[in-house]
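Shown next, in structure tokens, is the structure this report addresses.
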Amino acid sequence: MTIIKKREKAVKLVIKIGRYIFDGSFDTEKISAYVKLFRTLKRDFHKIVVVTGGGEYSRNYIRAARKLGGSEFICDVLGIGVSHLNALLFIAGLREDAYPEPPSTLEELRKAFEGGKIVVMGGLQPGQSTNAVAALAAEAIGANLLINATNIDGVYSADPKLDSKAQKLKVITTDKLLKMVLDGTLLAGRYELFDPIAIKIVGRSKIPARIIDGRKPDNIIRVIKGEDIGTLIQPS
Amino acid sequence: MTIIKKREKAVKLVIKIGRYIFDGSFDTEKISAYVKLFRTLKRDFHKIVVVTGGGEYSRNYIRAARKLGGSEFICDVLGIGVSHLNALLFIAGLREDAYPEPPSTLEELRKAFEGGKIVVMGGLQPGQSTNAVAALAAEAIGANLLINATNIDGVYSADPKLDSKAQKLKVITTDKLLKMVLDGTLLAGRYELFDPIAIKIVGRSKIPARIIDGRKPDNIIRVIKGEDIGTLIQPS
Amino acid sequence: MTIIKKREKAVKLVIKIGRYIFDGSFDTEKISAYVKLFRTLKRDFHKIVVVTGGGEYSRNYIRAARKLGGSEFICDVLGIGVSHLNALLFIAGLREDAYPEPPSTLEELRKAFEGGKIVVMGGLQPGQSTNAVAALAAEAIGANLLINATNIDGVYSADPKLDSKAQKLKVITTDKLLKMVLDGTLLAGRYELFDPIAIKIVGRSKIPARIIDGRKPDNIIRVIKGEDIGTLIQPS
Amino acid sequence: MTIIKKREKAVKLVIKIGRYIFDGSFDTEKISAYVKLFRTLKRDFHKIVVVTGGGEYSRNYIRAARKLGGSEFICDVLGIGVSHLNALLFIAGLREDAYPEPPSTLEELRKAFEGGKIVVMGGLQPGQSTNAVAALAAEAIGANLLINATNIDGVYSADPKLDSKAQKLKVITTDKLLKMVLDGTLLAGRYELFDPIAIKIVGRSKIPARIIDGRKPDNIIRVIKGEDIGTLIQPS
Amino acid sequence: MTIIKKREKAVKLVIKIGRYIFDGSFDTEKISAYVKLFRTLKRDFHKIVVVTGGGEYSRNYIRAARKLGGSEFICDVLGIGVSHLNALLFIAGLREDAYPEPPSTLEELRKAFEGGKIVVMGGLQPGQSTNAVAALAAEAIGANLLINATNIDGVYSADPKLDSKAQKLKVITTDKLLKMVLDGTLLAGRYELFDPIAIKIVGRSKIPARIIDGRKPDNIIRVIKGEDIGTLIQPS
Amino acid sequence: MTIIKKREKAVKLVIKIGRYIFDGSFDTEKISAYVKLFRTLKRDFHKIVVVTGGGEYSRNYIRAARKLGGSEFICDVLGIGVSHLNALLFIAGLREDAYPEPPSTLEELRKAFEGGKIVVMGGLQPGQSTNAVAALAAEAIGANLLINATNIDGVYSADPKLDSKAQKLKVITTDKLLKMVLDGTLLAGRYELFDPIAIKIVGRSKIPARIIDGRKPDNIIRVIKGEDIGTLIQPS
């Protein structure tokens, strides 16, 4: 069931950091914990791309833009802008271990990734969630693994808040996940999960992806070591 | 049912030219007919963005790249490249009436559109169909209308090749269209139709969209004049 | 004493919007009032560049970056990023009256300004305040007037909070203002005022500049009409 | 007569792949053979730039653009676009051994080349053949050797199809080659050979260049090993 | 023999200013005379691109770079840089009548030219003279006329300094001019004249070109008015 | 008093080369001496950014632009252009040891610096001296040391030409230096010294800086070795 049972060589890894970490409180300890983790991974020769979401500030800017009569397009541009600033916070903490600025296209990511530093980036283009960006980034660099660090511990068969029989799934295929996203099983209150484009990209590129509880950064180490935590999304 | 009953002022219009026109035969008469049409629209003060698909050459490059072991990412890059060349063919014909090169980002489109010339563009980014690009372009410029010129005359209730009772729909909501796309009613052999992202963008930005038979370029004039042809996609 | 006694032709104008308006409350009414004002100015053929500061969100990002061990360089990059998002809020409100995105270099500003739309921009480069950017922008477009809309009504001979004899100056030369800034007369608690680079640029390019109370947007109209409000900064 | 008799250290090498390989059939075996060869060279520490021509698809696009009334300028832009797609095919095959995208300026080539990957590129600018690009690329990176892999086995004293006494030349100076190109000795039916700009660049930068039969990729190895095949073009 | 006998509408014009004007003396009167001339042309609705050469400073930089062991490539980059600064001098004088900066690619030229301002540019790429740039610029904008303002009054049948029977030619075909350039009839001491690429571009794009004595700026007016001065280069 | 008493590891170093070296004479021996020095430093694993000033040619271009009525903005653009050409001269000499072109933004510098080559750059933006650029560059790369190689041997307590009691200072704080610059103690005839922005950046980023006599390039080695020469500028 696990992807990488025994690690013999370093992985190429994309980690999506959900927006729960960017809640407007600027709790730098949470970010610091990730910074330390990323440094450890780099020291161990893993090659990492980190994709950051928008969060609270993104919502505030977008709400204001809407009140001012701004288009959905410009709302997306603002959200991308905030995710970019969040990426810069990680770069601030990573200092010399990070590529100096968030790439703004996938081509730029591919070039930045060559240099061996940790690349941190936000959103890219209107009409696209940062989850889709993470999947595209994984495809662009030929990642071995895509980790979606969110604020629940995996995909449930139903919304656990509404259905006491809801069970965490150990594995789910991209086709089945897509169906659950589209028929609303997952979307209610679980907005952070993979969106349709992200799922499609994961499916077509055969990149194993895992949704884990990102509130404990060590979970990322456990996944890399081959532990079967969270939910594995298996390309159909 | 029609969107624009009486035209009093010029429209801002995005036209997606399906890949049926780029079949490798380089039938310049088809392209010429569109060039003439676009010039007429411009002379009548309509502001136009044209989005071109990939077609035959795109398929050939992608097939070769796959054989060579190329990633899905690079296959998309090749498809975008060919759609870009197809855009340049229209620019070649439009000469001084066209913006001199296909924009490669939505921001660049927004700036190009300011100048009043016809802007012709292809795809933008891996993981995104040119239909999605057309919808994003419509949102980016605040279009009044999005026309998808394809090789059938609208959306059918079922695949007409398989189901003799299939009926052309005069109007369909974005929600319903999305459902049809996702449950496969439309996808079988009707690949050119709006994809999920395109439908989502049309829905959120409230841009009326119409799928028409593009093999008769005059259909575009008829839509602008307010005729109720093809299928109207109404934001839910 | 006033710069432009009788207006016969439209002015080229740079308006610096102080960060007091970006206090984290996202009071869109304040921004809306400015949006309306800018539209009126544009309709009357004035050509406008608006420069936005950072404000509350900028301070929050910078504080977090410092805690994470980020360099002063990256702190400035974050501040510039927030000022850029603030500029986008105005663009969201101005819609088609604004140039579609904030220029990120002075060269880009010069090209954007050609098109006749309102150009809104934030900071440009580390080591430079947005007041300096406003002065450089004024120089770059050959502005007739630079207005610094801040939260006090002009330059005082001393800090009015500390010295009851402090008097508002109707006019001050750039040399004298520079001296006051440098010897600390102004800096204490009046951080928003022109910085040394801004003053130097205003001086060398002979652009009349005025510091006014921006909390009443109509003050901008009054200055353009030739009223002698706030403090006039006269190139030495 | 040979350039590099005994190889002690790795060469910096530009290889121009003639358009004969891009004949519209997408014979990926031919491309694969080159991909393997380039990988071998890289493994042996040679640093390689590959320049691809346009070929069949280029001709088709240009013919269509001309019919549509397009300028010579845009025809060149289309040809460059196709050569760029051909470069991407090699990049698709080379995967991680290639720099991720074709540089679009010589400055970008210089930066890309620093990274040690195989750089593959197409044309750069209207008015310039891809042979000229190859020569400029050689100059830009300070190449030790420029190989023009074409579909004949060297330069002949006359057109072998017309003159039975035509002899393959083992070596020719740039001055003499330029004269032959200009007086038409070579151009008749031998379009692929070095053009005047390419010859001029080779001459001024003293880069030894060799025209070889590219239909046998191993010929490139033989040249690097010091074999005297094809025709050596010696800077005058 | 003249190209444009009666002028009824404005021309699109590329003017190459030879390097004789950039002799290191910075004689601003010469430049001022041209600035005035260009303004007059613009006022009369002519659309102008000005291409500037390098001159004395270019030669000094290149000589120094050679002494330092720099490549021919970097020598060309330096020459382009100086021609760019020379273009900026014209822009300094033209102020608001000029596009604010010299375009650095032909695509950028095409976009800049849309705006109706005078576009001034220098060289573009190593391996290319500014005469070639002028011809490419003429092709890129679809110019009606290309004027090469140099320091002799036309093309002579032989070098007038060496051959007392040398006669100024009123007209010459591109083929013949190419031949004269290549066999050295013109190159001896007449370095400023059209180079092979420039001639080839003029030939293929059917742009009438004229070599005139640029030391009298009014000659440009005379050519536009249809006077038959200097030498007309007629596409073969 | 010295900054780096015992060198155990390589330093990250920014060296500002004053304009005294670019006096229009193109004395390549002076430049060669620096080229050799930089190579030695690189071989010893020091990481270097070199910032070049404008000098004689800069002054000539600016004088001409002023005569032509050019703005202060464009004068600065010309000065930046010349400093860029001066940077290219060093790149010409350093050949493969240099990053291939001068970065034109601080972000580009940060990326260029990653590659381990010597990065040479000129000015960046109007309104900013190359001394300010050097300080910003030092901050951007996190330099251990900033050396200002000028044509005097340090900061004096007064102008030595005017005051026989003037003494060279071994160390000065940024606050005190700023005061001296602003009250004119230093500016009279000592234009090359650190300007206010440069001093402010050095102060806030805590980068030790040293003003030394650059006419003897070996002084740079001496500083790196820990000798206490010139004047140390200590962040307050």
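Letters A, B, C, D, E and F mark the chains in the order given here, with residues in each chain numbered from 1 onward.
One rule holds for everything that comes next: contacts are C-beta pairs under 8 Å (C-beta built on N, C-alpha and C of every residue); 3 or more make two chains touch, one makes a residue touch a chain.
What you see is a predicted model; the values in this text were computed from it and never measured.
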_Common touching chains of chain D and chain B_ = A, E
*Where the centres are mean C-alpha positions, what is the separation of chain E from chain F, in Å?*
38
*Centroid spacing, where centroids are CA-atom means, of chain A and chain B in whole angstrom*: 31
*asked:* Nearest whole angstrom, what separates the Cα centre of chain C from the Cα centre of chain E?
replied: 43
*Would you give the residues of chain A that are in contact with at least 2 other chains, written as numbers and ranges?*
71, 95, 101, 115, 142
*Which chains touch which?*
A-B, A-C, A-D, A-F, B-C, B-D, B-E, C-E, C-F, D-E, D-F, E-F
_Touching residues (chain side chain D, partner chain B) in the complex_ = 26, 28, 31-32, 35, 57, 60-61, 63-65, 67-71, 74-75, 77-78, 81-82, 84-85, 88-89, 91-93, 95, 101
*Hey, which residues of chain F end up touching chain D in the complex?*
95-96, 99-101, 115, 117
_Complex interface listing, chain C residues touching chain E_ = 107, 110-111, 114-115, 142
_Partner chain D, residues of chain E touching it in the complex_ = 71-73, 105-106, 124-128, 132, 135-136, 139-140, 142, 182, 196-197, 200-201, 204-205
